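Once you scroll down, you'll see the structures, which are given as structure tokens.
There are two complexes below, and they share chain A, which is joined by chain B in the first and by chain C in the second.
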Partner chain A sequence: MNQADVSKLVSKLRIRVPAEPRKLRNIKGPEGRIDKLRKTVTGLIKYERIELNSNRGQEARQYAERLISEAIRHGDCHKPTMDIADYWLLEKELIHKLFKVLVPRFQDSNTCYTRLLNAPRIIHSRNPDKVILELKGNPYPVLGSNKMNNRFLIQNVLLDAAKYDYRQAKYAEFAKKIVNKEEKIDTTETEAPSIEKQQSDDKLTQS
Partner chain B sequence: MSLAIRRTTELIGAAKWFLRRDSRVLSTLPEKVEEPPAELTSKRYRRRFFQNEAILETRHAYPEFLPDPNPNWRNSLREKLERADMLERRSQIDIPEFYVGSVLAVTISDPHAQSKTNRFVGICIERKGCGLRAEFTLRNVVDHQGLEVRYDLYDPTIQSIQVLRLEKRLDDKLFYLRDALPEYSTFSFDMDPEILPEGTPIPVNPVQVKLKPRPWLERWERQELKGVSNIEEHLKEKDRVRRELRKTPWEKYDLMKQYRKTIPIEDQSKIWAEVHNQLQQLQMARKKSARKRTFTTPKTQLG
Partner chain C sequence: MMNRLWKIVDLVKHMERHFMNNFFGHPPKELAAIYVHQTYSKTAPTKKYSLKDLIGDGYLMAVPKFRRTVEKRWKRKFGSPDYVWKMIVPNKNIKVCQECGHHHELGRLCENCYKRIENETKLIKDKIVEKLGNSPIDKEVVILYENEAPEQKSEFWNGKRIVEMKKERPSWFSKNLLQKSTQEPSDSKDVKPIDLA
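What follows is the complex of A and B.
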């Protein structure tokens, strides 16, 4: 039964936000948690695709989404947003990337800005679950089920061309064989029975 | 006749279309991106944007219309019904706009009082809760005894709420008045209402109170209060060290903590679009009745 804080306006995140934040285990407590997340968010903005432990990935995703949505909402002329970007991005050249590359990329998007995928798990291992966190629109090949149309890959184009050539050669061979057969028949048989046969065929089709 | 009817239905259809488009402006997931000419979009977008900004400004005056930000306690149907009930109650009695730091006079019906009513005057030190359970606390000092009364804003036993002095203070909560000198929370019961000229922004009272010496009810030195002047006088070296250790400068940048405390714009604008018109009408009605108010000569202040 709390009253909503009305001092600040925030855009709605397009991801599901759990009611409680996760505690990331560390010695320094809440400060250490934020430090961990800062490193992760910086890495995400820098490399655009990173592999993480599941809970840290899920937590960092929310912060990355918030950072990008703040940047989109206020732009780079807004002092508090600049401060936030300065705090969250440990490498300062990434602030330019955030405002000049990511904001134009995600401005007109209707969906969330990041993607979180489960990484394959080694069977019988005691390692924690891994996830892959990536920014949408990154330059890397697509992860997950590959539904891309691969007909135009060079190997497939060459294979198709080879198949086509092979078939054409085969058809030519068949055609040659058939022509040879017909020539043989013409020389051996008389024409009369063949005409009778044709006439009977015509009658059948009329009836 | 039929032509006229058809025309009206067309008009209604157009209005509906417009409304639907308008309400879709801030929804998170529009079905598809519309691409009208650039000049048009910018104009239309700007107008909508400013309309929306104006609607969103309502949040400061009526924060209890926003639901609880904790998603575990959300229930869209209950919230909607509560908002309807709140508007219903507001049409019955005049619940004015007030803030923490305003001085209010509240009259409730009290079966045990001789006049069957009880009037209390005090400074609002806290506003809390949302929906029908919104509440506020008034503080006053009567006969050298500090008194605090917590009222439910939509309590049916409340007969009237009158704002005697409309202003804000430097802090969101004024619990430190409990440890301050009594003169800062003493207000006379026959105070005259101070009427602000129309259209003025809500004034912020920059008064800084003086705290009594320790012991205190809370560790005020750790709360970064702006409205207290003499906190350093009462601190020992030990307290200063501990205050430094307890500081949490990273919380200012904790984006998700802020997000979990608020209602996002998209949700807010839906709620305000629902209640803004009726609130506006109630406000207009209040202004009209205020203009009709008969002029009375102010009481002579003795002493």
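What follows is the complex of A and C.
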């Protein structure tokens, strides 16, 4: 705790930011684009899980990440951060949520604060691709948690251990059986050749 | 393409003959190996040929003028593998969902599972909005289903907003087991680093 986490000293987004921004077509141009993104970021902070068109979701995610990381870095006593929060959150009661709920939630996390998942689509349809954008640690049921094949899932670890024990027991059993068999064979074989040897010895003496 | 080219070549040849004959006249008849003089017997003038006799009441439709090459025909029929490939090809990005067994596209959520979760999410969302409304949200929200309240210690609820769902917890919606049930003791001697950057 007393040592600084180096990764937290530098302000850096934990998601990949593409070189070119996505297009968000709008009548108002760049201004309308920012308006759209503000609405989306506000919605994300408010509802914690929203479904969007792909471009809009991917673009809004970057701004939401930046907003949360700034809030974590500077806290609520920093004037520029407060201004940023005031600009990006259209509903002002969400500023409280940002600093009082989300900052404590994400303070110690080492990964990004949001999750972006591809929504199912009808194959060969011409609808735009949808994505689901959510804040981590939300109260909703988990989406896309397919951990059944994960080796480190506790059930899988336990099953592996049980399998290992079972195999070890079986191997021991087999080894015991084989040893018993060999002993039996040894006892029979040691008797049989001795008679032959005696006979051959007799033959040798007779000749 | 080639058809049209030959057409143009023919045209040029025709033009050449035409001009040569006009300007320099016909070649002398002595150059011809055999000259046969023919006189056509005068017959009764034939009736002038007219297209109307052929068509009558019908009409003419457009017909192909030139032969389409094999390449073009095949391209139309099967498409091009580099651009638009019209043949039926197996779709290899379909997976079976581990949880419900329905099929879904690779890299996307399973539609069946997502529909189920989406409905539940919508219910929870509505409940939260109904309960908290427009008041400033300053506490973490906890969802409680029926018959779940007594399981936790009383200190667990400190600093949390409880939203109760008036129904049983769905069997597929597991509880978050990683949630801390108690707060950290306040008498720890650890000091958080400040002013590092």
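FYI, the second predicted complex is superposed on the first by the 134 of 207 C-alpha atoms of A that agree within 3 Å, B and C clash if a C-alpha of one lies under 4 Å from a C-alpha of the other, contacts with A are read in each partner's own complex, and residues count from 1 in each chain.
FYI, contacts are C-beta pairs under 8 Å (C-beta built on N, C-alpha and C of every residue); 3 or more make two chains touch, one makes a residue touch a chain.
Keep in mind it's a predicted model, so treat the numbers as computed, not measured.
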Chain B versus chain C as contact partner of A:I34, first or second or both or neither: first
Partner chain in contact with A:P141 - chain B first, chain C second, else both or neither: second
Chain B versus chain C as contact partner of A:V10, first or second or both or neither: both
Touching partner for A:L153 - first (chain B), second (chain C), both, neither: neither
A:H96 touches, of chain B and chain C: first, second, both or neither? second
Touched partner set for A:A119, first chain B, second chain C, both or neither: second
Touching partner for A:A172 - first (chain B), second (chain C), both, neither: neither
First (chain B), second (chain C), both or neither touched by A:R49: second
Touching both chain B and chain C, residues of chain A: 1-4, 9-10
Contact set on chain B toward chain A in their complex: 28-30, 33, 56, 59-60, 63-64, 66-73, 127-130, 133-134, 248, 250, 253-268
Partner chain C, residues of chain A touching it in the complex: 1-4, 9-10, 47, 49, 51, 91, 93-94, 96-97, 100-101, 105, 117-121, 123, 132, 139-144, 146, 148-149
Chain A - residues contacting chain B, complex: 1-6, 8-14, 17, 19, 21, 30-31, 34, 62-63, 66-67, 70, 83-84, 87-88, 108, 110-111
Chain C - residues contacting chain A, complex: 91, 98-99, 104-105, 107-111, 114, 117-118, 120-121, 124-125, 128, 134-143, 163, 170, 172-174, 190-193, 196-197
